[in-house]
Amino acid sequence: MAETRARIRVVNPNSNAAVTRGIDEALEPLRFADGPEIVCSTLEEGPFGIESEADVEGVTLPLRRLVEADNGSDAFVIACYSDPGLHLCREGTARPLFGIAECGVLTALARAERFGVVAISQRSIRRHLRYLRQMGLTERFAGERPLEMSVAQSAESGTLARLIEVGRELKNEDGADAVILGCAGMARHRRPLEHALGIPVIDPTQAAVTMALGAVRLARG
Amino acid sequence: MAETRARIRVVNPNSNAAVTRGIDEALEPLRFADGPEIVCSTLEEGPFGIESEADVEGVTLPLRRLVEADNGSDAFVIACYSDPGLHLCREGTARPLFGIAECGVLTALARAERFGVVAISQRSIRRHLRYLRQMGLTERFAGERPLEMSVAQSAESGTLARLIEVGRELKNEDGADAVILGCAGMARHRRPLEHALGIPVIDPTQAAVTMALGAVRLARG
Amino acid sequence: MAETRARIRVVNPNSNAAVTRGIDEALEPLRFADGPEIVCSTLEEGPFGIESEADVEGVTLPLRRLVEADNGSDAFVIACYSDPGLHLCREGTARPLFGIAECGVLTALARAERFGVVAISQRSIRRHLRYLRQMGLTERFAGERPLEMSVAQSAESGTLARLIEVGRELKNEDGADAVILGCAGMARHRRPLEHALGIPVIDPTQAAVTMALGAVRLARG
Amino acid sequence: MAETRARIRVVNPNSNAAVTRGIDEALEPLRFADGPEIVCSTLEEGPFGIESEADVEGVTLPLRRLVEADNGSDAFVIACYSDPGLHLCREGTARPLFGIAECGVLTALARAERFGVVAISQRSIRRHLRYLRQMGLTERFAGERPLEMSVAQSAESGTLARLIEVGRELKNEDGADAVILGCAGMARHRRPLEHALGIPVIDPTQAAVTMALGAVRLARG
Amino acid sequence: MAETRARIRVVNPNSNAAVTRGIDEALEPLRFADGPEIVCSTLEEGPFGIESEADVEGVTLPLRRLVEADNGSDAFVIACYSDPGLHLCREGTARPLFGIAECGVLTALARAERFGVVAISQRSIRRHLRYLRQMGLTERFAGERPLEMSVAQSAESGTLARLIEVGRELKNEDGADAVILGCAGMARHRRPLEHALGIPVIDPTQAAVTMALGAVRLARG
Amino acid sequence: MAETRARIRVVNPNSNAAVTRGIDEALEPLRFADGPEIVCSTLEEGPFGIESEADVEGVTLPLRRLVEADNGSDAFVIACYSDPGLHLCREGTARPLFGIAECGVLTALARAERFGVVAISQRSIRRHLRYLRQMGLTERFAGERPLEMSVAQSAESGTLARLIEVGRELKNEDGADAVILGCAGMARHRRPLEHALGIPVIDPTQAAVTMALGAVRLARG
């Protein structure tokens, strides 16, 4: 433990620096005096929000290059709920690398019988469902419902009321016992939404960084 | 963050204090100067090892009482790979409570395409498979193989050679990309086994405490 | 066949003797002059109704002791729709031992394409679904709906109207072709409910005792 | 119960009267002094053994006609492990009608974690697997292995040694905890095979008649 | 390619010649100057529409005889959405033989994330769902809804408005991205329905003949 | 049908022109005098063979650009068994666009109960299995086995002996009833392999172009 301080790199694949700052703040509770450094960065090549297949595919190779160029980090987190380039980036490094969608779902499963997801928009849901099937994690899926907002809008404070409305539908109509925020930009709403719904609300970036924290510490421990 | 220090209670439901000590040591990397206290305790009412259905059922109500009596902990981890009393204990508290089998599988899924499990003995495997089905997490399951040892034996140092042998079968014959140690008592073998196999090896107690760490910090953060 | 008369012991794990009497009456058609004795008993240690995880867990060890102490029965039926202690009790005896939830679902599958379940209350449904997943029997599950009554209330005669209402929702909205009474205490309503719905209605205790009858006779036959 | 005596009709869809006699004898333990009459008959139009798709399809309409012509029976059992004409015959009557493959699997699931099947020949296995998928009952399926005999041969006494051999493979290599005899003609071997294997062996015709017995009694009870 | 011209035989198992003519017209785009002959015929033994289990079973053996008697065709298509006698007919020939339900679903899966089905009537849906499970193709199934018409009615022109109504429910309420016409008689409505819905509409006979075309050409190619 | 001739564009995403020529020849039987033009092209930006995640991801955006730039084609086929960029490209066009892996599996399912796959190398298998799960098409999957060759090698004539060896393992050990060639470069071996194995062998590019042929003709027909 006395070696150089370990580092977890969290990459926001969109180029919206406000989203990166929101992520950075949301990770504050996972920073410890003697724990790994948690560094958040914005992918310069990224689009302003990742909302289409083209947005997703446009960042995979830049992410791979970023991972391969970064020799100073002990683990990586790709902070977009479509897990762009997850397997591609894993191919490029032996270090642990986490996708926030995967970690968000896995963490929800440790807290609840069935999970629901709040998506930014209807068009993401089809992609998310396909990915859920790819992960083999559909059995305890309760449902996914859209906010119908842009990524940028969803990070704003006025979003909370809409989140509560959609969260209640997931809980009361779909039977969700936990709700996942289906976009990295909604982190600031996690606690108030959890209080409003009375069931666990999972911010997937926090979930992934928690897992990265464990992986980094245990690799050395 | 300036309040009283948070606490994660890890309960070893068997009464073998050597196993509890092994768990306690294995959790050292997850302790931070300004992080939650991680307290390991032995369930006095527990059997010396949990190997039968009767062993599992014998600890569920004592675990529930322990959880309900402990008002000072912020989260709980039940450190037995059969997750005894998981839903019973969750019914008794609003605080996050984790089972190591569930967290072990979920953490393996964040690291690998398919996971294998090393069990203490053949008779546990049937119970584990039933539980895997209950969790709805069978799709990326590669296989489970027994050491054919007692819980006490499995904590001993001579166990490593046998673990490597079984781990290689899981990797090479069953196609596992990660291996879960299917008993809380094997934690000390995680790192050497990982080095020998060249794929992630998951100690489920470490996995659960990592998730508890996140839950505790984020509840306050 | 000329030996001592075989015996099937049916245990009501709650301590409500009225429920036991209702079970006993419902089993009358399965008693034959030259068939096995069917003995119903109330578990003294049981709660008045089994409605929570704690209720379920509180009866598992007493059930195991009862099974192990009873050397005169040829088969056992645990008459609670949560199948408390099923695998625990099976570990304690080589004799056939049946759970009514498992037998209720299996018997419904022999009569209908898809089955629905009437539960006592919403809170049981989550537990039942988890168990259905554990049994691997979800593929032909149409839905489960609650009466929102206590176990004691559900055995009363005024319950029928509510049962018909919920049964019709299962049939018409969820597409169930058979309905299972999700509590041992509703047996007396089976026939009138079946007549009202026009599809098979399964009392799970009757289903389990039927299977026990076969097992007992064929073991000797 | 004082009305005319109820009757269960068991139809052997092949025209091999020796198989019908074997079935008839195997059902003796399910006959009670005051219970339903259990009548076994041979389908005259049937082939000598049902081994191909053409054999299966050749008996479906004759079975339907037989069911519709028989107004004196309270329930029917189609005694061929391919469940020929099951849904066709159900369409033609409101009385309970059981297929032995379906009942064999369902009964095995009430006795064991995972079941295996002994088939007459390799060519039946593909059909059985397709049917298992149709029933939605694959999750606890351990495997199916062929005797490589004709239906006629399988009813002979010398078959036992081969059955034990195949049953041991299902138990030891495939992990079956119960074995189903995948042909109505093997009933006489059930008990000795069960003794040799030490796990439940299910004769599917006995399983179906047991369920029919329950259905008939409860319809009147 | 210079040999005798290849031939695909499409059999309408119902005896409604108007349906056969509709099929024949719908296949015109799949006929090429130098391609296989596509011959549509009506099964004389068939009922006027296939709407019940008895209708389905009544045509299986006639279909088998037709296939075995036809030595001049290179491939067969059974043009009824219940795929009557599919495995029976395959047993009788080494030539490729396609069922339109199977091909309809498989073709929809090549065009869309999730598919819906328009059925003639509610009673067919239960049979279709059972068959979908048998094919192992339920994971991307969005739903099935009935027109509540006879086979004969569904081929008439006034059907389109009702088809559009049901298709919109499948698309908007069930989330279907493609719609399959669940009856061979609706082919003429494919194009206008596709234009009205804005998602692919699959005529299953066209889907099957397309696959047959490939199989026939590649067998020689 | 009298308009300009329709065109199906088949893109080989690797830059190995020999593979493109092999594909082109294999599609000859699907060309008709009055049918769509089938044009095969090599993606210049592609790697020499697609064997890694980086190879897959490297071609997705070039494929999208190619599709968007080609206004003269009526349908597209992406001729690589990893279906690179499938959903990305579909997002960029309203015209039908097929992936050969998806079409290969779907076509195999129309011909056989269970399918096996011959992969170029072990490392592709993990990716293929993940994709099979994403497609929801695992239920009738028998197994996948590697040739352990490069893409370039696999197109050579000496490959046939190895293909037959692996194909026989899939058939005899894994129970496959059809075999898919898991790489666009093996097309020339389809017919001899099929003759050697005695079960259908599916070239996925031929399968996809067959489906494209249907889609193109029916869009106009």
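All chains are identified by letter, namely A, B, C, D, E and F, in their written order; residue positions are counted from 1 within each chain.
FYI, a contact is a pair of C-beta atoms (placed from the backbone, for glycine too) under 8 Å apart; a residue touches a chain by one contact, two chains touch by 3 or more.
Worth saying up front: this structure is predicted, and the values here are computed from it rather than measured.
Undergrad: If each step moves to a chain the current one touches, what is the fewest number of steps from chain A to chain C?
TA: Minimum step count, chain A to chain C: 1.
Undergrad: Could you tell me which chains make contact with chain B and chain E both?
TA: A, C, D, F
Undergrad: What is the minimum number of touch steps required to go from chain A to chain E?
TA: Counted as steps through touching chains, the separation is 1.
Undergrad: If I average the CA coordinates per chain, which chain comes out farthest from chain C?
TA: Computed centres place F farthest from chain C.
Undergrad: Copies chain D and chain E touch; is their interface built from the same residue numbers (over half shared) or different ones?
TA: Both copies touch with mostly the same residues.
Undergrad: So chain C and chain E are the same sequence; what rotation in degrees superposes their CA atoms, nearest 5?
TA: When the C-alpha atoms are superposed, chain C turns by 120 degrees onto chain E.
Undergrad: With chain centres defined as C-alpha means, what is the inter-centre distance between chain A and chain F in Å?
TA: 34
Undergrad: CA centre of chain B versus CA centre of chain D: separation in Å?
TA: Centre-to-centre distance between chain B and chain D: 44 Å.
Undergrad: If you average the CA atoms of chain C and of chain D, how far apart do the two points sit, in angstrom?
TA: Chain centroid spacing, chain C to chain D, equals 25 Å.
Undergrad: Note the residues in chain F that touch 2 or more other chains, in rising order.
TA: Correct list: 130, 133, 135-136, 139.
Undergrad: So which chains actually touch one another? I want all the pairs, not just one.
TA: In this structure, the chains touch in these pairs: A-B, A-C, A-E, A-F, B-C, B-D, B-F, C-D, C-E, D-E, D-F, E-F.
Undergrad: Considering the complex alone, what residue numbers of chain E touch chain C?
TA: The touching residues are 126, 129-130, 133.
Undergrad: Enumerate the contact residues on chain D facing chain B in the complex.
TA: 113, 139, 177
Undergrad: Report the residues of chain D in contact with chain C in the complex, numbered from low to high.
TA: Touching chain C from chain D are residues 1, 28-30, 32-35, 96, 98, 102-103, 106-107, 109-111, 135-137, 139-140, 190, 200, 203, 206-211, 213-215, 217-218, 220-221.
Undergrad: In the complex formed with chain E, which residues of chain D make contact?
TA: 52-54, 56-58, 60-61, 64, 85, 87-88, 90-92, 127, 130-131, 133-136
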